[in-house]
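Look for chain A in each of the two complexes below; its partner is chain B in the first and chain C in the second.
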Partner chain A sequence: MSSQMEKAYQERLNRYVTALNVGKPDKVPIRLQISEFSAKYAGFTLQEIYYDAEKNIAAATKLIQDFDMDTCPGAPNLWWAPLHDAVGAKYLKFAGRDLEENRQFQYVEEEYMKPEDYDAFIADPTKWIMDCLLPRIHEEFAEPGSFRANMALVKGAAAMVMDTGAKAQAAQMWREQYGYPTSIAGMHKAPFDTLGDVLRALRGIMIDLRKRPDKVLAALDVLVDHNIFYGMATSGGNTTLPNFLPLHRGAYPFLNEKQWDTFYWPTLKKVIEGLWEKGIRTMFYAEGNWTPYLEKIAELPDKSIVFHVDQTDIDKAHKILGGRFCISGNVPNTLLSYGKPEEVSDYCKRLIDNYAADGGFIMDAAGVIQYDAKVENIRALVETTREYGVY
Partner chain B sequence: MALTDALAIAVAELEDEQVMSLVKERLGAGTPALEIVGRLQEGMTEVGRLFEAEEYFLSELVMAGEIMKDAMDELEPHLKGANQEFKGNIVIGTVRGDVHDLGKNIVVMLLKGAGYNVIDLGVDVPSDKFIDAIKDSKAPLVAMSVLLTGCQDAMKDIIADIRKEGLDVKILIGGNYVDEIVKENVGADFFGTSASDAVKYADQIF
Partner chain C sequence: MTEINKGEVNRLPGTTVPWNEIVEKMEPIQGNRDMIKAEWEKLDAFAYIYLWWWVQR
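Right after this comes the complex of A and B.
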């Protein structure tokens, strides 16, 4: 590793971590959570980045070659499609397989867990996942224990290792050749989202809240330790970078206040605190609007999260959480898609003026940057923040 | 509006078992199915109002949708031949390339509750399906749903295709990242940020 690149790496990392710790670095750090936009910028179709691991990495590399940011956005595909093809995943649709070549991948939401599955799930979630869930959502596991299903387990595990290995190698390459750290290490979920997104789906979970609240609470309890472990395992125990937490069903107005207090928050709080005890900070990626819940979120231990602002009232977020927690985000994705570079610049300046003055602020878009963002607007975001965001 | 009918009240208060037993009881007593539908709609209108007043949340809307679905399944066989009167026809669908239908389904439910005939084209709907449905139904309003900004270009294409056909139709769009900027760029007439907005715009048009 060249000492010059290592120096650049340490500078960027230090800038980023200082802000995460609510300190004031030399400049406002730029951390963009980018997915499919990288493919467009690098000239690849979405089918290519979902299926071709090398192009997927190359797309991210192209971004850090051309834009001066503080973290590498990481490879654009959330899922490497061959991994899911190997096991015949029925719950995902990919460009080139089910969709046109430049369509974003899609998740097919259904009740993959039935109301009558609660008891078995609560008794032994891992066993239930192996015996019931995997066969339901993967063609290749349709007959558990069959030769075909056993081969699918081998293929799926091998593909998982290949994918995580390629991404870990890429992170090392970005560090050594470009002086870039990554923005996150590992991920976890709110127990309510594990149950409400993937297993019971929206309709199912909303009915459960009325019809079988005790089962829901018992299932959520079971998920606390599981989700803490998941965060630990996927980050490899990394305590420098935040652990990504994409938040879904807790946004306003999914749940009424009582439901939020009873079902969403207690177990999520336990997971965040459990990880923080192990030194792992959570990137609280609050998709949608979380304004009504800011006071509750402020109960978390100082610095244990980075609060990411999508459509939450950033003024209130800054007032209630600022100084104790780093705040990130808020450049609207619609502005990045449809706005003019001057408008993006003005927006970034306003964010810096109003919320970054005391440090503890990271520039980012409101939501993950997808295929629709305009290149000149991303450039305006980065260049404005670099020039204007100097302490 | 203060509800007085027991069935309408049961819908508004999300008492699913009571709704079902009242529907069965009234059918048994010879109440015309259409009249029962009318009471259900009154209850749904109140649910929409409570949502707008921020007393009800999505969890309550989903529950209300289930109650309506079960009640309508019970009523369906009795509605054959009955001359249902609607305020008008509305075509709705999630645009090509997008399979999300949670928001759309809630909007469908509220529009039906408000007395509209909703032609639901489902998800991943291409231009020609929208155009055919508008022509067949002569609907003056078409509603389109899209979750993410990444699928909004398809919405723009579909709207352009509909305009090219010269159809006299207003276009309402909705989704998580939909605002004035998006409305202008895709060429829609209205945008909604909340499920109950669709009913407001429909009431303006019909």
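Right after this comes the complex of A and C.
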């Protein structure tokens, strides 16, 4: 690595980490969580970034070549489609296969875990995933033990190694050739979301809260240690960058406050505290509105999370959490898609004036930046923050 | 309901086939037991992550 790139890398990383630690760096850090927008900007179809690993990485490289940010958004596809094809994963639809070549992937939500599965899941969730879940969600596993099923397992695992390895190599390349750190290391989920997203789905989990609350609580308890391990393992031992936590069913008003207190928060708090004890900070990516829960979130250890603001009242978030936790966000995605550059610029200046003055603030969109964002608005966000966000 | 095999090994987070379940088949181990165990557990943890990756999304 050239000394110039190493210097740029250290400057960006130091700016980012200083803000994560609620300090005041030289400038307001810019960390954009970008997915499909990268493909559009780089001139690739969505099919190309879902299927072609090299174009997936090239799309992110194009962004850091053209925009002066502090972290690399990473490769835009969340899921490498060939990995899913290898096993016949039927809960995702991909551009170019099931959808038009520029359609964002779609998740097919169903109750892949049945109410009668709770006992087996609670007793041994890893075995249940292998024996019961995968045959349900992977068409190639329709006959467990068959040649097709065994080959699908081999190819699925091999594809994960290929995909993970390619992304790790890309991260090293972004560091060495462009002086960019990545924004996160690894991910985990709230136990309630693990249960309520892929497994029971929204309809199922909502029924379970009424019909079988004890089973839900038992399953959530079992998930705590698994989710801590998942965060640790996927971080690869990195204690500098935050561990991504995309939050779903805990947003208001999916649950009422009593349900949130009973089912959502206790086990999520244990997971965050468990990771923090191991030196891993959580990027609390609060999708939707979390305003009613800010006082509870303030119970967490100082600096253990970065509170990301989507539709949460940022003024209240800053009053309740500011000074103890870094805050990031909250440029509305609708503004990035339908607004004008001067409106984006004004919004960023307001965020900097009102919430960044004492440090501990990272500029970002409210949610992950998708295909519909306008290039000129992303440019306005970055350039305004760079020019106006100097301490 | 899925049947649960009573007396099955307790699979802790990060394990699919725990070391204590497999080591008996390797006995008598001639050389460095810890080296074999450590590498077994690394690969086992990868298998565990692969399975849970389909859920943690």
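Worth a mention:
In the analysis below, the second predicted complex is superposed on the first by the 391 of 391 C-alpha atoms of A that agree within 3 Å, B and C clash if a C-alpha of one lies under 4 Å from a C-alpha of the other, contacts with A are read in each partner's own complex, and residues count from 1 in each chain.
The working rule: contacts are C-beta pairs under 8 Å (C-beta built on N, C-alpha and C of every residue); 3 or more make two chains touch, one makes a residue touch a chain.
Predicted, not measured: the structure shown is a model, and the values here were computed from it.
Of the two partner chains placed by superposition, only chain C is touched by A:T126; chain B is not. When the two structures are aligned on the shared chain, A:T234 is found in touch with chain C, with no touch to chain B.
In the superposition on chain A, A:P253 makes contact with chain B only, while chain C stays out of contact range.
After overlaying the two complexes on the shared chain, residue contacts for A:S3 are found with neither chain B nor chain C. When both complexes are overlaid on chain A, the residue A:N333 reaches chain B alone and has no touch with chain C.
In the overlay built on the shared chain, the residue A:Q106 is in contact with chain B alone; chain C does not reach it. Those residues of chain A whose C-beta lies close enough to touch chain B in the complex are 36, 93, 99-100, 103-104, 106, 108-109, 202-203, 206-207, 209-210, 252-256, 259, 288, 332-335, 337-339, 367, 370-373. Here chain C touches chain A in the complex through residues 1-4, 8, 10-16, 45-57, going by the rule given at the top.
Across the complex, chain B meets chain A through its residues 14, 51, 54, 56-60, 62-63, 65-66, 97-100, 102, 148-153, 176-179, 181-182, 184-185.
Residue ranges on chain A touching chain C, taken from their complex, read 78-79, 89, 116-117, 119-120, 123-124, 126-134, 137, 156-157, 160, 187-189, 194, 197-199, 225-230, 233-234.
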